[in-house]
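Going by the order they are written in, the chains are A, B, C and D; count residues from 1 in each one.
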Amino acid sequence: MDKIVDREALVGELNQKLGNCAEIFEDNTNQSIKVKPEKIVGVMKELRDNPKYDFKALMNLSSVDYPENFTVVYHLNSISYYHKLTVKVELDKAKPEVQSITSVWTAANVQEREAYDLMGIIFTGHPNLKRILLADDWVGHPLRKDFKLQA
Amino acid sequence: MLKTQELTLNMGPQHPSTHGVFRCVLNLDGEYITKVVNHTGYLHRGLEKLAEARTYTQFIPYNGRLDYCSGMMNELAYVMTVEKLMGITEEIPERAQYLRVIMSELQRIASHTIYVASFSLDIAGFTGFMYAFRDRDRALDLIEAASGQRMMPNYMRIGGVAADVDENWFSQLQKLLDDMPASLDEYDGLITGNEIFQARVKNVGIVTREMALDIGFSGPNLRASGVDHDLRRDEPYGIYDRFKFDVPLGEQGDTFDRFVVRIKEMRQSVNIIKQAIKDIPEGPIMAKVPKVIKPPVGEAFHCIENSKGHLGFHIVSDGSTKPYRTRIYSPCFVSLGFFPIVAKGQHLMDAVVTLASIDIVLGEVDR
Amino acid sequence: MDIFIKIAGALQDWLMNGMGLSVTASELIATAVWALVAILFILVNLIILVWMERKLGAFFQMRRGPNRLGPAGFLQFPVDIVKVLGKEDIIPAAADKPIYKIASICAFVTTICAFAVIPFAKGMVLEDLNIGIFYFIAIGSTATLSLLMAGISSNNKYSFIGGMRTVAQMISYEIPMAFSLLGVVMMAGSLRLTDIVEAQQNMWFVIPQAIAFIIYFVATIAETNRGPFDLAEGEQELVAGYFTEYSGIRWAIFFIAEYGNLVAVASIATIMFLGGWNAPFGLTFLPPFLWFMIKVYCMIFMFMWVRWTFPRIRIDHLMHFGWKFLIPVSIANIMVTGIGIYVYRMITN
Amino acid sequence: MFGQGLIKGLGITFGHLFEKKITQQYPEERPVLPERFKGSFSLRVPKCIACGLCSNACPNNVIKIESEKDENNKKKLTGYKMMAERCLYCGFCVEACPTKALLWNHNFERAKFFREDVNLDLFNSYVPSPEDEKPAKPEKEEETAKPEKEEETAQAS
């Protein structure tokens, strides 16, 4: 199956370089780490530029509306080592704000706009945080669990 | 000195070369583009939200509506993600695995021929369009014979495939495979080798290696920029590790490379299918999966090499029969972000070619 | 010699003697009748041409083409014209209405005018001008104006860009076209089209003027706005170019004018390079008029073949090709022709 | 040399000029449909046991079943409507049918002038045929789904 990074070493290195920012996140995939929302840009830059990890490409930027929090999930993929890493950021239900990683990967631009559009997560520092799929005058964020499906 | 003024041109949503209902607002200085703003969402159907209201099995047919040019592969990506979530990836029967490979490569041929066709049409070569559609139709005929539908096959199932195919089907497939190289040579002669075509597409819309990774290109677009990365070879899913094939690469990442890479890829697909036909065993085509699918709590992200790039599904399960969250990572949507960057400074005619070269399907962009 | 000329003579005779009209009046009436015949000729050709374009396009693409109305779909276009006549004539609210309305008619008129000097056979010409080819080129360039009128008056951005492209393209390609014809004129020693045809009785000018023929061929494709030089209509980026806003019969007139132009330029190519009505290899069993038409249709087949094979060229390449390649080559061709004629005269004298 | 590609292209198109045409003259020439072709639905009413599995399997709530209990406390079908205007043609209903009462047919000419006309009323439009009168035996519900076998036998009958 997927090659997975040695998470303990990774978390240790990140914490050492950027201050206390990351921890191992236990789930069924065994490839996730949790990062503090205000440190995400630094962590991503490190993951991209550190030749040991070499995550040159951001793949998926997903967001999940869990009952207790919003989670933004970044799936990273290395095209040289072919290993994978899932970076999770847990956000407050009342104020879902996270730093935008557009400066790290341009690919995040549209995906962050989509996450804002459908899930209502605010990406601070995004150059153009507007609705991308829905109409500009749409009310609400449809992928949230409290959004009522009609028809 | 005469006063000049920029022209704002709304290209789309109804426009011959925006491949559907994509709209971009162009600022033109003469015929040169100074600014592009993308507007998507005209085909948004809320598939991610719909998935939350369907059971795992019931969502399979909706995947054909994502990228309607490569329905088989979308379904494959979805069912493989669910299988990963359930932990039954290893239990898929051999014959089903082979059928999956054959079908997805067949669909790749169909999808790439549509790319050749629409690309040819976007530089006003109508005849190339018809030749490519002739071959696409034969591939679709085979998909229809196997699944019952041409474009939205609903053929993949969680744990296998829906239906088996017989000897007659294989002999027809063999005929298509025998004819395909000649057809590809025909595209090369009519389109690729044409000097007017080359003058139109070479050195247009160049995406360098670094830029391609930065803007999230994947699949053929990424390989056209010279990045040697193919999920089928590097992180083989299913049984792709059993086949030998080359991964064609482009040199400088212009529209010409993106076109040529796809034509070469079709040759490789033919190659893969030929190997698969030779080895395909008899046997069951469905694994033993419960009738009601209830994956354990957790999440899974799986990515396959779709015809447009890496198509991924991120499914979060809460243990019930319906997914808690389904996120579709669509290659076209991410790739489309490159258009405002690359089209700046281009001629209007080049912008059309640039847009056509990344092979967007609006069903997947807007979901 | 030819049945048409006999009819013409008989008509004029009848008008003068039978009706008792004066010579001027009878000539006026006869000319009006011939003009009408010319228009009819264009329209009949048009039906064949549109049918041929559709069929050929379809055959190149392994389709069947129109095949429902009439034998092999031959009546498709006449029926289409009837349909188009019944359509609403939409004029955009923001359009410059008078110009918008007359633009399509202007395009048609210039096409008709071009036919005035074209000799279809010996004596079968409306007006055998002594500056025939000059007249043809002059009339041909005015067609640009009507397309520009259409493009600007529509008040549509696509039309506007299309109109601008037309002007740039047609004016640039006017020059190599005229220059390529100059070599032939030098060899024939006359601007009169009938004289040029007579001069080709022994050898068609396509042989000594092969380069000029190719230049003329390319330049006329651009002149008639056909693929691969159909930038003005550039469907993929400009929707339909200068006639985006046109509908109904106004659109159809543009369409007719385009095909009329095609016949005109193919006729000129036949007259200038392919020996006009002269039968090849002494095969005189067919009447000259038929030979002329066969040659014209061979030319048109070439135009269609090129159109259905090649993709569209980019506008800056088009300009470079016109100004940096075709014009120098055509000028060189004139010089070589001049030297050749000079040397030839020196030898023969 | 410049122009070689152009001439080659011209050669290719000329080669196809007199070739056999590949298009179909549709209304006169009927398309050859594969056996599994999903055109429209037909319901063999006597075989239907009104179990509702098809309706459950449907992703889009297309199928509306009306049934009543008869004297033996057995369900009897009294209405079977398909809102085909929102049907995905996925075929899950046909796969789910335990008695092979619901089948695909090859009637693909389904275009109608009004939207409502697309919907199918399979119960009322049923034409009885002797083959359908064989006693309907509900198959044992298998633990594992084997739709491929079901489909094959369904088409064979």
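Heads up, the rule we're going with is that a residue touches a chain if its C-beta (ideal position, glycine included) is under 8 Å from a C-beta of that chain, and two chains touch if they have at least 3 such contacts.
It should be emphasised that the depicted structure is a prediction, and the values quoted were computed from it without experimental measurement.
The pair with more inter-chain C-beta contacts, choosing from A-B and B-C, is A-B.
Using mean Cα coordinates as chain centres, the one most removed from chain D is C. With each centre defined as the average position of its C-alpha atoms, the distance from chain A to chain B rounds to 25 Å.
Separating the centre of chain B from that of chain C, both taken as means of CA atoms, is a distance of 46 Å. Here the CA centre of chain C is 55 Å from the CA centre of chain D. With centres taken as mean Cα positions, chain D sits 27 Å from chain B. For chain D, the set of residues touching two or more other chains reads 6, 9, 12-13, 16, 22. For chain C, the set of residues that touch two or more other chains comprises 60-63, 308-310.
Residue numbers of chain B whose C-beta contacts span two or more other chains: 127, 131, 134, 190-191, 194, 196-197. Interchain contacts give a graph that is no line, ring or star and is not complete, per the touch definition above. All chain pairs in contact, by the document's touch criterion: A-B, B-C, B-D, C-D. Listing the residues of chain A that touch chain B in their complex gives 1-3, 27-29, 56-60, 62-65, 73, 75, 77, 79, 82, 86, 105-111, 114, 118, 131-135, 142-143, 147, 149. In the complex of the two chains, the chain C residues touching chain B come out as 57, 60-63, 157-158, 161, 227-228, 230, 234-237, 239, 308-317. Chain contact summary for the complex, chain B toward chain C: residues 7, 9, 15-17, 31, 120-128, 130-131, 134, 190-191, 194, 196-197, 199-200, 347-352. Chain contact summary for the complex, chain B toward chain A: residues 40-41, 44, 46, 48-49, 53, 89, 213-216, 218, 227, 229, 234-235, 296-301, 303, 310, 312, 314, 316, 324-325, 327, 329, 333-334, 336-337, 341, 366-367. Chain D meets chain B in the complex at residues 2-6, 8-9, 11-13, 16, 22, 34-38, 57-59, 88-92, 95, 104, 142-148, 151-152.
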